[in-house]
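Note that the chains take the letters A, B, C, D and E in the order they are written out, and that residue 1 is the start of every chain.
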Amino acid sequence: EGQLRIAEQFGIVYLLLNVAQDQKLIEKHGKSEGVDIRVQSVQLSGGPAINEALLSGSIDVAGAGVGPLLTLWDKTRGRQNVRGIASLGNFPYYLTSSNPAVRTIADFSDKDRIALPAVGVSVQSRILQLASARQWGDSQFNRLDRLQVALPHPDATAALIKGGTEINAHFGNPPFQEQGLAGNPAVHVVLSSYDVLGGPASATVLYTTEKFRKENPKTYRAFVAALAEAAEFVTRHPEQAAEIYQRNEGSKVPRDLLLKVIRNPEVQFKIAPQNTLALAEFMHRVGAIKNKPTSVKDYFFDDPHNASGS
Amino acid sequence: MSARPDVVERWSGVNAGQDEARRLRLAGHAGDPAEVADADAVSGTPLKFRVARRAPSRPHLQPRAVGEAVNAVAAAAAAVAEVDAPPHAATHQPRLRVDNVSLDYRVDRRSIRATHQVAFDVMPGERFVLLGASGCGKSSLLKAVGGFLPASEGRILLDGQPISGPGPDRMAVFQEFDQLPPWKTVLDNVAFPLTASRKLDVAGARLHAQDWLARVGLAGFAGAFPHQLSGGMKQRVAIARALAMSPRMLLMDEPFAALDALTRRRMQEELLALWEQERFTLLFVTHSIEEALHVGHRILVLSPHPGRVRAEFNAQGLDGAQRLALGQRIEQLLLET
Amino acid sequence: MSLMAPVRRPDRLLDPQPYVPTTAQPVPLWQRLAEASGWRQALLLVLLAGLWEVAARLADNDLLLPPCSAAARALVTDLASGELLMRAGVSLQLLLQGYGLGVVLALGLTALATATRWGRDLLASLTAMFNPLPAIALLPLALLWFGLGARSLVFVLVHAVLWPLALAASAGVSAVPETLRMAGRNYGLTGPRFVAQILLPAALPSILSGLRVAWAFAWRTLIAAELFFGASSGQGGLGWYIFQNRNELMTDHVFAGLALVILIGWLVERLVFSTIERWTVRRWGMQR
Amino acid sequence: MSLMAPVRRPDRLLDPQPYVPTTAQPVPLWQRLAEASGWRQALLLVLLAGLWEVAARLADNDLLLPPCSAAARALVTDLASGELLMRAGVSLQLLLQGYGLGVVLALGLTALATATRWGRDLLASLTAMFNPLPAIALLPLALLWFGLGARSLVFVLVHAVLWPLALAASAGVSAVPETLRMAGRNYGLTGPRFVAQILLPAALPSILSGLRVAWAFAWRTLIAAELFFGASSGQGGLGWYIFQNRNELMTDHVFAGLALVILIGWLVERLVFSTIERWTVRRWGMQR
Amino acid sequence: MSARPDVVERWSGVNAGQDEARRLRLAGHAGDPAEVADADAVSGTPLKFRVARRAPSRPHLQPRAVGEAVNAVAAAAAAVAEVDAPPHAATHQPRLRVDNVSLDYRVDRRSIRATHQVAFDVMPGERFVLLGASGCGKSSLLKAVGGFLPASEGRILLDGQPISGPGPDRMAVFQEFDQLPPWKTVLDNVAFPLTASRKLDVAGARLHAQDWLARVGLAGFAGAFPHQLSGGMKQRVAIARALAMSPRMLLMDEPFAALDALTRRRMQEELLALWEQERFTLLFVTHSIEEALHVGHRILVLSPHPGRVRAEFNAQGLDGAQRLALGQRIEQLLLET
């Protein structure tokens, strides 16, 4: 109680956390709960590193994609019982291509290469598999795997904008996809995660162990409240949010681009998880997770703010 | 074992010892002048630097010298006692006993014998020379006595105790040129064993080392590193290093082989002079019969590979003719096989 | 003092002890066994495995550090299914390519460095500058020059092998004793023949240790780099296997993969490097 | 044949040429300059920068490979703003800790390996097994034992430094000539004193090359590991700087960071390793 | 330059040469028996292994031997021409001219002079000995002639041409024991220069090397590695390696220093026998005056550090008394400074 160590990854999808910290929202809500909360945050790279940090007890709250949450939930069920706290908002993931011949995923040929963070296991890859399963049937869900290339977002974006390599498609995330689209007029959207998941969907989530939640109920509550306030803040003051992001991260990303991402009508800042079950069920179907999730409450904590989740 | 003594005097005992002693005292530190004269038949020129060498008083050695004096008194007392005792009582305990020692080297899966059942005794204060053909195992024997090479058969006893590894009581001069740590200057090379074996403190060791470097004619090279020296100079540093330690036992493996005649003679004189002072026991390998006769009290002749004892001769107190005869005798033996 | 002069002893003349060299005096088996390091190393291996098991059980966090037994089970399963073998095969093949190329380049660079002063400075600057560069720095270059796939991996591997080996080899070459150099020159050897026939064999102890380090770093680099380049069309190697299982939190399989890396490392050490060492530098008395 | 016997020539007897050792005959300045490797290395550095510029302009892909001039500009900007210096300071501090600890452990392990047969086998097995292990393998252990933060980084750094240095040092120690060992033993040195006063100095050429390799690998590992262990509250080092700029597609800043790594590497080589080498092994004639 | 010849016969010329030749022919390959007798005053025992050594016919050397014969004919023709020409015409062109050579070593920032303006000529086929105190620069001179050390002053001419680096035409035996590549067996060590310099093919080189190993008494160690040899054995391998090459010029730096008297004499005889066959030019460093007189046609005496020329003596065709006188003369010179 009174200590909160948060691990996040890099990027604008963690904007809510940035705002909550910058505005000292967590400390504020802690006071009203009657605890002095010391917030520490670390930036790590990659879902696995974050999961390991959480499992080793080095951090209390982890921020990562829905994919790592589902994996961790599945593996720790009956043990640490890791579940989600809240969503950090809905962001669309775009599959973009610079090959004019590619309009839908059915147009990919053997000459195309799709860059994404990790072949087969990343969220982007799962979404692409889900789309493939819809297109060609469940048995062919990994039909496009052989075109996939694991490449960090920055390198993939650079390759897409400037050409010169075999990579001509990228399943990215904000703000890389926006940069890609802005950097090269030939780049266009082939697939959006929202199309596949059935509407606006949570991209990144926060999660923790059952133990932490049980032992630190006040801190937990204060944290959730702070997130809710941050979401409200961002929706109301996008410019200020962008400023906070730039200041906090020491980011040199142009303000306009940030604002474009924040103001994107497809982007919504709300802490209730949305449209995650489709992905969860799919992952179970293809055997990536063993436990079958029946509702979002399985892998999110049963909190009021999650009640409306899907 | 067909031992046949070829010199009449067997146990010349105390009287002979006293004669010898008087002779030595007369000759002073320089050893027997007659000896020098006939060993270096070609020239009897007095060696210049002996005079110079005596000058430094070496005050830093005083504490030890006092101890030495006490020892000397004790030794004298023992010697007085000795007069009554049967002579062999005093000489019974050899400093070094090499007892049927065989030395083997492992090569791949076989083993190669370097020496085969070699036996000899070295008495305290004796200068003992090993002679033999190249490759007969002289260096191996020396290394075994130094504690570097285990005997595969037989025992090596030092004062009756089996040797248990190397130690600064048996300083060695090796045959190879690379025996000087290249990262120490010439001076430090000589001083290091003195400090390493805790004989002297650093300052004392350096003073003492400087003195010894002057004695081997390398005073001007104290600051040089070994790789800047010629072969003979390296060997002289090794000699200085060993002599500076004044060990109870000194092992020297062809120490003067790389030296020109003059330097060699100087080194021999230094060695003998130090022996006069310290009466250490010396095990000395050489391939020069002349040198063996000059340096040695006793000479052990080994037969070629693998080395076995061929003969052992007394070489002290011989006159010129006897010496010549012994030299020829040894040469004959070496040629034999 | 004078009384301490040694007493004269009688001469003796012996017929030398007969010595018949017993032709093959093989070292007894038990002695050879006692000296063979294989069983001692195997024992240490088992001991380490035991330590691992204990540490894991104490930590009691099998998603983070599974016990050795779990990893062993996973190892056996995946070996039996052939997956691990296939993946190890893919990795090894790449590794050997990159390693071979790296070794050739390193020795070439060393030869150049011994030949001229400029070569020496070039090697010194290049290693000082490029050796600390992490693989990320090379990623864009590899993408641009070699594209995706094996060639980029080989490029990254060469980077891992080249510098440490070149450093070790050139240090070894500089330490070749002057006399040996003179002997070689005296035979009329110059240029590449001099390097190949005198300097490299004389520097072999250093080169061997460089080869060992380079081998290890090639593995490290490969496993890290396969994430980026390895896995188009499911052909990933061990690095890919480890990465994927890590992503799916199949920690026992991750450690099974790592254990295979360890085993391969140990086997290569025993079968290749130790053997080379025994047959060369040890046999030649250049190393104990 | 016999006519080829040399003809007799008259004897000659000379008063030897007087020779007064001209006390200090310093080597001329231009010769010292010509031999100093500093300017040649600097020239090579400039040349490499030129090559980079050309390659970048040819590739014309400033997001993947910015030209040298752009990186230089970014370098100057960030150096001036103090950011790079701060980050380099953070990294260097960690690096020195890990490096120092690794060196101590490596030398200790080497000493152990020289002392006993078990120690030797232990070192051989440990290096063969752990050296190829990528840092991922250590992350869980580091997390379990040290948590997030500097201590884990130091642990990973030690892993990077320990094995290559131990390998190089023990190879060097095994190659110490027998005569030198005997001389040392003869002084009565045993155990640690023997190792410290004889074996290590005699193995210094190998140890130095091991130190160089270890230094480079410490850098590589640090920059890669900073991503895993992250930056708390903006306190990341150079690795984090590179990672962040890469994420924001500020490729020129990425290369500015890498250039700083290169520069530091080169400076350390010139100021530390070269100097040590010149003052020890070169001066002692153990290396040319 | 106060050159004063101490032997009356100055340019004894062709007649003297013929006498010398007859004398040598009488003595056979063994060299002058008288020489042997007084050099090794202590024993005139015939050396056993010379008889054995002549046995192998060395067929693999035939092709070269034919070429040699042709050369010999040419040489003979030249020699006939020589009879009419003034003697100095034939001897004017030395094989090796060392022309006021100074050698310096760089140490830190200073340079240390090893030899100072040394000048001497070595005629074709001459056996030339360098004598001097330890550290006077003999090895440095040899290395300079071998092309390993640049002269900092003066020139070194080989057949009138400045030397341009080392080469197999000037095979060297170095003073150090570590001159044998440790990764080659003894046999390969001897055979390697033959193949490396493309004198023989591999099989021929091995046969020839085997023959030479037998001559230095190491036939049984052909398969051993250098580290398994004693110091003297290593030096013998180096000697065999150099002699097997039958180079035009041979540089030997105290080659026999590590050998016992008997082996040393055998090696000397091998060297002289090979010289009889091949008439190479020999530059030989030794610190034994006796050896210098035995091996050398001419002896150069150097003064101590830094080495300067002190004297140069003719040593061929001396009778016992002259030889003794010369020896004493040289000794005197060496003691002088």
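To be clear about the criterion, contacts are C-beta pairs under 8 Å (C-beta built on N, C-alpha and C of every residue); 3 or more make two chains touch, one makes a residue touch a chain.
The model shown is predicted, which means the values in this text are computed figures rather than measured ones.
The chains in contact with chain A as well as with chain C are D. Common neighbours of chain A and chain E, listed by label, are C, D.
More inter-chain C-beta contacts link the pair A-D than the other of C-E and A-D. Computed from the mean C-alpha positions, the centre of chain A lies at a distance of 42 Å from the centre of chain D.
Annotation: 47 Å between the Cα-based centres of chain B and chain D. Across the assembly, chain E contributes residues 176, 178, 228 that each touch 2 or more other chains. Taken residue by residue, chain C touches two or more other chains at 61, 64, 140, 143-144, 243, 246, 283, 286, whereas all remaining positions touch fewer. Within chain A, residues 52, 55-56, 152, 155, 158-159, 164-165 each touch two or more of the remaining chains.
Inter-chain contacts occur between A-C, A-D, B-C, B-D, B-E, C-D, C-E, D-E. Every residue of chain C that touches chain E in the complex is listed here, in rising order: 177, 179-180, 182-189, 193, 197-198, 201-202, 204, 280, 283-286.
Chain E contributes residues 42-43, 45, 105, 107, 112, 131-135, 137, 139-140, 175-178, 224, 228-233, 236, 254, 257-264, 287-289, 327-328, 331-332, 334-335 to its touches with chain B in the complex. Every residue of chain E that touches chain D in the complex is listed here, in rising order: 1-7, 9-14, 16-18, 20-22, 24-25, 72, 75-76, 79, 82, 87, 90-91, 106, 108-111, 113, 116-117, 123-127, 279, 297-298, 303, 306, 308-314, 316-317, 337.
Against chain A, in their complex, chain C makes its touches with residues 61, 63-64, 139-140, 143-144, 147-148, 227-228, 230-234, 236, 243-244, 246-249. If you check the complex, the residues on chain A that touch chain D are 7, 10-11, 40-46, 49, 52-53, 55-59, 152-155, 157-159, 161-165, 176, 179, 183, 249-253.
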